[in-house]
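First chain A sits with chain B, and in the next complex the same chain sits with chain C.
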Partner chain A sequence: MAQLGTQIESVAGARRIEATQPRLSRWRALEESRLFPAVLVLPILIFFLVWNIIPLLWLLGVSFYRFKLTSAQPEQYIGFENFRRLWESSVYWGTLGRTLTFMVCSVGLATVLGILLGLLFWGSARMPGRRLALTLLFTPMILPPVAVGTFYRLIYDPTFGVLNYYANRITGKTYDFLGDKELAFWALVAVDVWMWTPFMTLMTLAALGSVPKAELEAAEIDRLPWLKRLWYVVLPHGKFILMLGILLRTIDAFKTTDLVYLMTRGGPGNRTELVGVTLYRQGFEAFQMGNASAMAVIALLIAIAFTSIYLYVLNYRETRAALR
Partner chain B sequence: MTQQRGSERQLGQIIYYIILWLVAIAFFLPVLWIFLAAFKSGGELVRWPPKWIFSPTLDNIRDAINRPNFWEYFRMSFVFSIGAVAIAIVVAFLAAYSFSRFKPRGTNFMMFLLLSVRMVPAAAVVVPVFMMYNAFGWNKTFHGMLLFYAMFCIPFSLWILKGFLDGVSVRFDETALVNGGSRLHVIFRVVLPQVKPGLVAAAIFNLIFVWNEFLFNYLLGGKGTTMIPVLLATGVNQGGSVDWSFIASLSLIYMLPPIVAIFLFQKYLLVGMTFGTVRGEV
Partner chain C sequence: MTGTNTILEFRGIAKSYGATPVLQDVNLTVESGDFLVVYGPPAAGKTVLMRILMGLETPDAGTIHLRGQDATRVPAAQRNIGYVPQSFALYPHISVHDNIAYPLRLAGVSERDAEPIVQHAAEMLKISDLLKKRPDQLSGGQKQRVAIARGIAKQTDIYVLDDPLAGLDFKLREQLVDDLRGLQQSWNATFLYTTSDAIEALTLADRVAVLAERTIVEAGTPEQLYDAPERIETMRLLGFPQANFLPGEIAERNGSLVCRTPLFEFAVRPDNGAVSASHRSVTVGLRPESIAIASSGSANGAIQAPARVLLQEDLGGEEIVYLDANGVSLMTVVRHDTFEGTIPDRITIALDPTALIVFAPDGKRVGQGVPVGHV
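Then we have the complex of A and B:
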């Protein structure tokens, strides 16, 4: 009996193998068919459709409506009214201008400081504890912006903030860094510079690392002066990576939202309202979704422009490298 | 004479290293201040003049851990970071392989669009997604949040993995195929092991990005899908006064993992912070 049982089992097993055979070959056929590349891309296309294309169409649609989330009134088609109003709004132009100032100041300062620090750290290859030192240096850029925004409020605090203590020791005055109309903006720029100088240092180190050793040695043998060495030897090789770093920083500075929102909520008045903050407040404090959508469309266009420039530089670098 | 010059040079080297260390510590100082604040008693924290040396207490951290929502939010931080990154890497790896090897029409355009999405201010992204989620009833749901974060991680993973895959010669694929390997064998057994650094870099940095994310979670999440950053942000703004001891100890707990991560994975930092567009080590 038992023997028969195993026999049946083995027959069944053989059947099972036979049954799976065509499925396997069908899979092989799929692999070799022209559709295979598309099958691999399918998951990402689904994600792209659901989380990018549909929201994008939604955004474009809503930007033509007057649509307040909290009001019972049905949304009303108003054509380009939202955009026209933004175009004519001096407040929004002010926000764009302020964002531009923020980007130029914070990226400019971070770049200059970052390059200087990068040059300073150039010769640190054999420093004891280099890894720990670099971790401390690079920490600001990987911290949650929420935490940074929050704890800088503690540091900037007018009554017990540590920064005010030292400011008071030096100038004899106390400052309300985040509440003062003149200071608030610069206090934000300072935090942003603190956060992102390490990034530019990182990019500078990468740029310096991309310079061929032989050329540096040649410059050493020729006793080229320090500045000339930077200008004629380092810069031609390092400028692309540096350029990419500056562009990435610029894009990131344009995106700044939660840091500012946590520190000042755009205040005092609207002295620290950047594009992202205004957008957030329109959408989720005033619930003016139509207006916020129009702003988002503008932000999207600016972002696409930035990305195009970034990729242009990247491709330019790669074609140059390929030609060489 | 030469010996003297040698020791002089050594001294210069030591001074140089000390300067570098001081610069690094200077950048870390604000973070250190918060870490210290986490160990100060309430009165000590708001004392004027501020103190660098004090008798430390663990009460704040114990208190933060025992807050009602702490563990739940902390768990969600882990679940979303790891879950979203896992999904994103699988999806992005398959697509990157296809883009890199078959170069279907529209590859460059797709890469460009996906990168653009990550370059838009978060507030602009969240407006349409918020409206869409409202309409679909996905607001405050687990899968809504998880899949959104997966999408959040995909562009970066795709860019980084495509960069690495382009660096693996097609000869490997061809050899394996000629020897009778299936495509799946080629993808997972031949090519995958060679792009491990890319996978690690994409995973680590996407983990950090999701871990740090606030705005999307705040607006799209709700009960059961909230992470720690929301607790940090709302802890400040609720009511008039701010519980600084709580904020400081929460920041300490939450900021340590990313810091440890960049210590352990420092060689991926450059790739990670540039969307995989710049390669190399620092």
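Then we have the complex of A and C:
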């Protein structure tokens, strides 16, 4: 009986909606016209074309030329010569490998630490001063890399750096963190992790926030152990946001330039030279625009590859879930 | 107040969110083996009350006594209550089968013992063919059934079902109502069940508790509450179509009490002398099915009044008829098997005065109509 009553109500409701339709008809005609979607998309398309597509094509074009800004000679088309030279350069391969190591170490550590901190903050929702602690935690992320690079150079300084002060007290030795060929790379990884762990904490908190409260409550009533709670309840919901965070960080870490340039300029030797640094030096110190463009194209392709892998992994899991 | 078989008791529970009070002074006792339905309009606070019972919310005031002990501060994990939450809350990562079986395994049931329980629950809820699927592959109704199966699969003595049939298809609802009832009786477990559907409440319950205006206004068997409500809210909320209410005035005539309404007068038998001159203006409640359309001959002892038919709503087997009687809106139900032919525009209604219940302005029942000359 109750169902029938509501049915009658809903029929009455539908009639009311019909009655208001004529007023909307002009808008509807616009909405239904085929041009309407195009009109909506046009501004962003223009923006995209002017700021993304054209520079990219330009970059691609330049990479096929011998083009030196300091040379009086006109630029010369050389086909894949720039790419061939990079392919054969053991130095460039070394830089690529180093960049990948940097990326994996930096993103990996920042992710693990970020998740741990995120869980800590999540679990301490009622801790006094939590908000202040969170704000303080996020400061490294807000600082410009220039500032971070500068003050870490001071912290790492072998003669008056604060880190050496303590290292000296404990071990009795002095370390040139940025000048030592074994230490410099890891000193940079440490700074990058310090800078970006808060970002992963933020992503973790967002991921945790996307978990439905009711499911966590069900887990509590069912007495799920905390690790299973994470695995069965939190991860299935939170993995997308977390993966997105890792993806963004991976691409970003691959491009790391400013921090390294400021702290070591790629040295000692080329121990800390990452692809971004090489590219910058080729382009703006040696003014080899053709060569630098070729490097940029390769970097772009690698970034696209990473993105595709992540998207594929995410999609694959979903498809498999749907098929099961 | 506490009986020997009391398994669960709310004492003076209050809860507010910010400045908005949701529950105030809720008192309710549940006997072991009862099927208790907490019935109330949507957003009355039923879910909050269930969440307080589950330990998912802490009451601002009052205590909960569970199996004879104060459980107000006992964490949710230790209350050992089967729970079907209003939102399905299934584990998205694992199959339907594991969703039902996993809580059992965690509670220490061996795999061999758990399997028949899972199969039985799945069979009852007609989800046996879904056991291998994952929650994200199910429709809303299917998820709901899995949630019910998971809740009742728990091996315990108290089950809380928070509006579990809301939104399910009509046929399935009816069948599940029967199944849940049968299940509860065969287990002799205590069921707490919330709903905002009056028919569901009346069909399922051993006892109904009416939650309105932030508190339990009345609790009793469905018959008690339907036929002889003690509170005006109970009569207003419980039943479909809704009860009719008329303004009335109590007066004394020839040493007995009469109640005068815009339509008719009737003699009142006060409850325990509760009615006096202090209850001059009252509200008279009347169930729609107590109003009959009078045939030409007048029935003995019945009150009659002229009325005009405003609207008829055909529900198939019966019809809801909206009437205007001397400016008072009334609703009646006419069953097609008892009334033949079409209903004319102007009719005479007839009603048995014992069906009239008199409520004081504070909402408490103070008396009942009696046939003339029977005071």
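Basically, the second predicted complex is superposed on the first by the 251 of 324 C-alpha atoms of A that agree within 3 Å, B and C clash if a C-alpha of one lies under 4 Å from a C-alpha of the other, contacts with A are read in each partner's own complex, and residues count from 1 in each chain.
One rule holds in what follows: a residue touches a chain if its C-beta (ideal position, glycine included) is under 8 Å from a C-beta of that chain, and two chains touch if they have at least 3 such contacts.
Predicted model only: the values in this text are computed from it and were never measured.
By the touch criterion stated above, A:Ile170 is placed in contact with neither chain B nor chain C. Within the superposed three-chain model, A:Asp258 lies in touch with chain B and out of touch with chain C [touch as defined at top].
For chain A, the partner that touches more of its residues is B, with chain B and chain C as the two candidates. Legend: residue contacts after superposition of the two complexes on their common chain; A:Glu215 is shown touching chain C, with no touch to chain B. Touch criterion met: A:Leu132 reaches chain B, while chain C stays clear of it. Chain A residues in contact with chain B (one complex) as well as with chain C (other complex) do not exist.
By the touch criterion stated above, chain B contacts chain A in their complex at residues 16-17, 19-21, 23-25, 27-28, 30-31, 33-34, 37, 45-50, 90-92, 94-95, 97-99, 101-102, 104, 110, 112-117, 119-132, 147-148, 150-151, 154, 158, 182-184, 208, 211-215, 219, 229, 232-233, 236, 242, 244, 247-248, 251, 254-255, 258-259, 261-263, 266, 269-270, 273-275, 277-278, 280-282. Residues of chain A touching chain C in their complex: 1-5, 8, 212, 214-215, 217-224, 231-233, 235-237, 321-322, 324. Of all residues in chain A, those touching chain B in their complex are 28, 31-32, 36-38, 40-41, 43-44, 47-48, 50-52, 54-56, 58-59, 62, 117, 120-121, 123-124, 127-129, 131-147, 150-155, 159-160, 162, 165, 194, 197-199, 202-203, 205-206, 209-210, 241, 244-245, 248, 251, 254-258, 262, 275-277, 279-280, 283-284, 289, 292-293, 295-296, 299-300, 303-304, 306-308, 310-311, 314. Listing the residues of chain C that touch chain A in their complex gives 54, 56, 75-77, 79, 81, 83, 85, 87-94, 102-103, 106-107, 132-134, 136-137, 170, 197-199, 240-241, 313, 315-316.
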